[in-house]
Amino acid sequence: MSDKVHFYKHRVRYADTDKMGVVYHGRYFEWFEAARTEMLRDAGYPYQKIETSGILLPVIEANCKYFQPILYDELVTVKTTLQSFTKAKIWLAYEVYIENHDFPKAEGYTIHCYMNQKGKPVRATQELVGFFRSLH
Amino acid sequence: MSDKVHFYKHRVRYADTDKMGVVYHGRYFEWFEAARTEMLRDAGYPYQKIETSGILLPVIEANCKYFQPILYDELVTVKTTLQSFTKAKIWLAYEVYIENHDFPKAEGYTIHCYMNQKGKPVRATQELVGFFRSLH
Amino acid sequence: MSDKVHFYKHRVRYADTDKMGVVYHGRYFEWFEAARTEMLRDAGYPYQKIETSGILLPVIEANCKYFQPILYDELVTVKTTLQSFTKAKIWLAYEVYIENHDFPKAEGYTIHCYMNQKGKPVRATQELVGFFRSLH
Amino acid sequence: MSDKVHFYKHRVRYADTDKMGVVYHGRYFEWFEAARTEMLRDAGYPYQKIETSGILLPVIEANCKYFQPILYDELVTVKTTLQSFTKAKIWLAYEVYIENHDFPKAEGYTIHCYMNQKGKPVRATQELVGFFRSLH
């Protein structure tokens, strides 16, 4: 598998579950956040450094499809890939696996725009575009 | 506006916000949950009664597009509509407004299947289909 | 009952529950936040106005005792009282009830200090002290 | 330091923060949950195994004191110790550190009772008491 793919592990907590006995659907988006943050860090350009450079990456669309429930205490792996990017936005895709299962339990994506500290849309810097290219 | 549309109000909390000073994108899905639950209750068939009848409505897909940020203490209105339904699933759509703004700050949807207590997909009962028809 | 007591209502969501089928213990603190915020608003001095005046009220201690579980879809009432205050901090107490039950399901408190926008402890203004006195 | 102490690491996420730019006070209780769960697992008796044996450990009291704010992306270590236990309940204590700081940013505790699957208080089994003794 390509080294452009990032794997993030998370142990399912009580706090993640709901009374159906499975992970609450809204929690997956927190895992996606953790997964993309660690992908950026491991690739050498932590999200906080991007923010310090003056560019925020707010989520402009989030999506998740839930194929099968995930249970308490299961060890989840979120597989993250940078699907595509332009000078205006970036698209990340996620697959959620548990141990010993080949098929993902869920898959999703987030789309982010580039914004400055005042909340205005901006173009990505050459440096950032170069970094994203290295991840793609 | 049609009485098939339901409005749910929520005051934005510190707990909803993140360090960008705006509502965290993952929280919208909790508002959607509250909104559809109150829609069902107000229409006379509370979700808990559906569950008691043996049918759960787990989320199989969730989506949200974020057009503009929502801030602390703003009074949010989630407008919910039943977009479509079949014997196998139901599609709900949401628009998120704040006071004195005509344009939604965000819009999203959730798709739910019908499942029995053992986690197996089932067909909706005639009663449930009739109820959804009345909402459509 | 004294008009110094404030009542906040909340309907329990799936998002509030965990796989034990009851409300997750950490969620009560979000209800406490909503309850105290609405108490301040209803008393005529919204928390956001306090912040605008330059004083933040960060939580320096939070506590909750859980006597009995609270279930999905129950209608919760949080009863809030201002227990005490000084020029350095304020103590709020909460009791959590459900319908048709005289005994609280949980009780807790939060203690807040006064802080300026730079994160430094400050004394409460005369105006704020006067407001808190009116609530006590 | 005694090997009876357990250390759990967590990277602060956007989802953990609020608009004050710091971790929301209610989130610490999720970290405490993760910390005690990993302490039990590492000590050889995972919480899920305790549940399978028929005993749940619901939280009957939770407390946290916040000394200094914790910021986005900081690497948090939760230090957990089993403070005391009886045949009726167990008391766990937590200290929250960030890197390169000797003084905890926060400290807290949770008290748990023993409950069976029907929600009735029960006595701890000899096995469980023996296990807790080994942690103390």
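Labels for the chains are A, B, C and D, by order of writing; each one numbers its residues from 1.
Assume a residue touches a chain if its C-beta (ideal position, glycine included) is under 8 Å from a C-beta of that chain, and two chains touch if they have at least 3 such contacts.
Everything quoted here is computed from the prediction, not taken from an experiment.
**Student:** To reach chain C from chain A by way of touching chains, what is the minimum number of steps?
**Tutor:** The least step count works out to 1.
**Student:** In terms of C-beta pairs in contact, which of B-C and C-D ranks higher?
**Tutor:** Between the two chain pairs, C-D has more contacting C-beta pairs.
**Student:** With chain centres defined as mean CA positions, report which chain is farthest from chain B.
**Tutor:** D
**Student:** Centroid of chain B to centroid of chain C, CA atoms only: how many Å?
**Tutor:** Centre separation, chain B to chain C: 27 Å.
**Student:** With chain centres defined as C-alpha means, what is the inter-centre distance between chain C and chain D in Å?
**Tutor:** Comparing mean C-alpha positions, chain D is 24 Å from chain C.
**Student:** Which chain B residues sit where two or more other chains touch them?
**Tutor:** Those would be 14-15, 20, 22, 26, 30, 33, 72.
**Student:** Residue numbers of chain C touching chain A in their complex, please.
**Tutor:** Interface residues on chain C, with respect to chain A: 14-15, 17-22, 24, 26, 72.
**Student:** Which of the residues in chain C come into contact with chain B in the complex?
**Tutor:** Where chain C meets chain B, its residues are 11, 13-15, 30, 33-34, 37-38, 46-48, 72-73.
**Student:** Note which residues of chain A are touching chain B in the complex, please.
**Tutor:** Going by the criterion above, the answer is residues 20, 22, 25-27, 29-30, 33, 56, 58-67, 69, 110, 119.
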